[in-house]
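Heads up: the structure comes next, in structure tokens.
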Amino acid sequence: MPDRDTYTASELLAVMSSRLLKDGQVVFAGVGIPLLAATLAQGLHCPGLTILFEGGVIGPMIEPGKLPPSTNEQRCTKRANMVLGSTDVLLLLQRGYIDVGFMGGAQIDRHGNLNSSFIGDPAKPKTRLPGTGGGNDISSLAQMIVAMKHEKRRFVEHVDFVTSPGFLTGGSSRRDSGLPSGGMYRVVTDLGIFGFDDETKRMMILALHPGVTTGQVQENTGFPLSADPDVEVTARPTGRELECLRRLDPQRLYTA
Amino acid sequence: MPDRDTYTASELLAVMSSRLLKDGQVVFAGVGIPLLAATLAQGLHCPGLTILFEGGVIGPMIEPGKLPPSTNEQRCTKRANMVLGSTDVLLLLQRGYIDVGFMGGAQIDRHGNLNSSFIGDPAKPKTRLPGTGGGNDISSLAQMIVAMKHEKRRFVEHVDFVTSPGFLTGGSSRRDSGLPSGGMYRVVTDLGIFGFDDETKRMMILALHPGVTTGQVQENTGFPLSADPDVEVTARPTGRELECLRRLDPQRLYTA
Amino acid sequence: MSETYLELRRKLAERDRSLHEKVMSLEAAAGLVKDGETVGIGGSTLSRTPMAMIWALIRAGRKRLTCARSITSSEGDWLFGSGACDRVITSWFSQGIVWGISKVMRHHVETGKARFDEWSHMSVGLRFKAGAMGVPFLPVRSMLGSDVLRQRPEPREIDCPFTGEKLLLVPALNPDVALIHVQRCDPYGNAQMDGLPFMDADLAMAANRVILTTERIVSNDQIRRAPDHTKIPFFAVEAVVEVPFGCAPHECGGIYEPLYDHMDYYTSLVNKDPVGGMKEYLDRYVYGPKTWVEYLNLLGLGPLLDAALRGRSIANA
Amino acid sequence: MSETYLELRRKLAERDRSLHEKVMSLEAAAGLVKDGETVGIGGSTLSRTPMAMIWALIRAGRKRLTCARSITSSEGDWLFGSGACDRVITSWFSQGIVWGISKVMRHHVETGKARFDEWSHMSVGLRFKAGAMGVPFLPVRSMLGSDVLRQRPEPREIDCPFTGEKLLLVPALNPDVALIHVQRCDPYGNAQMDGLPFMDADLAMAANRVILTTERIVSNDQIRRAPDHTKIPFFAVEAVVEVPFGCAPHECGGIYEPLYDHMDYYTSLVNKDPVGGMKEYLDRYVYGPKTWVEYLNLLGLGPLLDAALRGRSIANA
């Protein structure tokens, strides 16, 4: 039996993200926590959830213990409903077939913009990161859920570089830039669940995980966060959720 | 043994057109005389000729006596090298993979424009014809060979409607319209072979079939044709050519 | 004016896109098409024409449809002649090259009873492709300079912002519904096609919903054994109808060739008298039989088996 | 300024596009790529990477190549580290998610030794697609508003002439040569791929010529039995090289998975010391062995058979 009282931060992330998915949705998922969370949701409350991969896969069957190392390898195609070109699968986002884009993030700012390209000045970068991959396309064209560790250096006022657009500079700036659809829907961290103000498009606390305080969240965030006075508290991961999750990733590749 | 001394006008068209094709060329062919001529050329002097069909076929094997009724049926795909989408096969023309577009024509004018859409005023047509099909695309994007019967009502000063562009109003008008490549290369009729003046882009006589006079051609043409004083005379169809052609179309579906 | 784009997305967003069974009868599927809608038709000329579905739409009394197809054959006669459709968007419209000009098409277009919007073949394809890609247009290098372009108010000529050269932009075409016939699909609508693919994959993704007819329904398990052969994903599909010989008297690649004798009979009947002949044909073959199988019976078992023999012989060559 | 288009067409027009055999050695094929050319690389991340061909290009001493690929993995390290390539056009560059950031990429980009032009994944694909279609650009709705776009001088923002909405136009990318690895092709270059197709068909048609490597050469007769599975036509192809395990240590769908242990060893070696470690690897694995089979021998028969076992188990599931 799994230990129901203790769980890792990654396990918490996976469980909390999985609960945001609804049955019948079509979800464009990255590997790691997003794929785990989507597969978990499929096994528990969303039997009719469809997963898509950037490599060009619709509706694969994820085998417990054999998680794909990236979305571009054949392991992702196992018993899928359809395999198609990687430009074509991204065009499904542009056409509007996808309900949710679901990815991890390295650095996010108060308007939900993500950076995976540069640390420091892009003209003379301290660190050149791997870049956008499909991230820019997904976040430009779909409602987004982002799952990431909550650390002050990751939650910054302004990202060094907007790789994947959230709400840009807030307000209507996203729409004005030519992105009329999609946008950041939820950010899930090991401390809580975050949304964005309808008008200002600034990040705000929607819910805190059990035992976490607003102060603790603010301490770990590089910009001021507003919170409703009656902010919700999430229900702790259930034994069934943890059990199912640990069956999917027995070697704890993504949930250590 | 076939009768080498008599042949139909269609047989003459097929043989004369086939001689214009060169080994190694990639030819986009319509059904009827173009397909017969291309297959004949393959069998005789162009073993390395590749035929493409508008339906989405590259390099099929045409079975004698089983000519396809259109380029959009499965009979066209028999033992082909590749079958692809009909937009995609036309895009090969746009990309520049095709040496020759080869079609029949119902009405042509002095600048090589073809009409297969309307007889009379398009706003109130006497006859609504079937339309362009791939003709407009092919003639916009490739060097063209057109095979057709030589009649005064088919060879007109100006076509009622430019369905498939030749040199439009002559001179540089084709290029100026946004069609920098391709253009009418040869018109083959039962009277002779015709080309277009480099500057004016007006049709002119390049060669006459055996026994045909310049006057006879002019009589059957609705606009003045220039001819070189030493216009060539084509060699009559050989027994081998006719034999091969009659094997391809034993029921004379296209060569009656 | 991104309303159009948001409106397109909204139409997909409100559909149930989960993996669920959607097998139904021809009649039920015909009920999913509304009068006045734009209908994209799969296949081309005599190939993979969704004839059974069109037959059912006519019987259901659909009116004022706009139909878009790469190349329009005798199904276009049926649609004009029955009054189900009063506008066709296509590059070519006649029963087939071997039968000459369609007098049914001529009668309706020349008398102004119906419209025939002519585009180049590639432009029809690129309009579907733009629709499938979720963009408002695609650039093309044909139609320029011709009267085909001069007749069309929709496209725009531009000077390329990169090269300065003249280009044509053709607008996306997103039909309300696409009718597509395939060799096989599963009950969810994952469709696999053999042979000539025509424009069907683009048409399916461009349309707001797809009605699939299929020679046979296979298990989802069979689809998952070769997912790289799936050409239309289930979430684009609204209905699945199993209709053997669903393209007759046209062909379905690898399974049967056209019923040429019936096509000869049909074209001579309607081209002799595009009004009376058409009525006679529709009464006898479309309104007369109570089921598609009864229609097939009128075509005759012998001709159907002969068409099947010819179809298989090509695939097995 | 349609010179560009005419120039593109001229390059295809002057090639021998007849159906002829073009089987040659890796070394001969490497001789077809010239210093300074733009090279499109097929596959994505660890999948269907034309590793043997890249290995041969490095051994042949190619310089100043610009390489374009959807997602760049360890083959990008090889190309930067060997000095064969000084510019990459891609959406993502690292050995793979599980190994973190490539220190070889970082070393070359941060010191200015090489360029990494970042585009969105879909934009790379649409640039190949525009190239394949023979148009100067395609419209897209991503990259807008982001710093990815701000870093790129090539695209153009426009107001859509149909809808007024803001759109991005990305320019066509027509590589001088494309390197593509497939499961099978015939001696003429008719190529059939299984599983994930990535952007390879568009890349092939966009490029001025294609060098195919293949797990096995099959007869033209076999190709003609299933022409609807052919994804690249022979007339786009300049060279065919038969190289079993031609993607190792990456994977080839349905035949073998990646050699993960070798990838672990490789990344730890080069990321510890992106200069010395890279040199050590190149000396040992690229310059050392005299043939691709000798290279495979260094990877080890056991790991290759294990990778093959894993690859087949997925396809047979």
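The first chain written gets the first letter, and so on, giving A, B, C and D; residue counts start at 1 in each chain.
Rule of thumb we're sticking to: contacts are C-beta pairs under 8 Å (C-beta built on N, C-alpha and C of every residue); 3 or more make two chains touch, one makes a residue touch a chain.
Please read these numbers as outputs of a predicted model, since none were measured by experiment.
Computed from the mean C-alpha positions, the centre of chain B lies at a distance of 40 Å from the centre of chain D.
In this assembly, the C-alpha centroid of chain C lies 37 Å from the C-alpha centroid of chain D. Mean C-alpha position of chain B lies 29 Å from that of chain C. Each of residues 57, 77, 79, 83-84, 91, 94, 180 in chain A touches at least two other chains. Residue positions of chain C touching 2 or more other chains: 2, 5, 134-135, 140-141, 165, 167, 195-197, 228.
If you sketch which chains touch which, the pattern fits none of the simple shapes: not an open path, not a single ring, not a star, and not all-to-all. Contact between chains, using the touch rule, shows up for A-C, A-D, B-C, B-D, C-D.
Of all residues in chain B, those touching chain C in their complex are 31-32, 54-57, 69-70, 72-79, 83-87, 90-91, 94, 117, 122, 125-134, 136-137, 140-141, 161-165, 168, 173-174, 177-180, 253. Against chain C, the residues of chain D that register as touching in their complex are 1-2, 4-5, 134-141, 156, 158, 160-165, 167, 169, 171, 194-197, 228.
Chain C makes touch with chain B in their complex at residues 44-47, 70-71, 90-94, 96-98, 101-102, 105-106, 109-110, 116, 118, 120-123, 125-126, 128-129, 140-148, 151, 157, 165-168, 195-199, 201-202, 251, 253-254, 257-258, 260, 311, 314-315, 317.
Residues of chain D that touch chain B in their complex: 2, 5-6, 8-9, 12-13, 16-20, 132-135, 188, 190, 205, 220, 223-225, 227-228, 230, 233-236. Those residues of chain A that touch chain C in the shared complex are 23-26, 48-50, 57-59, 61, 77, 79-84, 91-92, 94-97, 99, 180-181.
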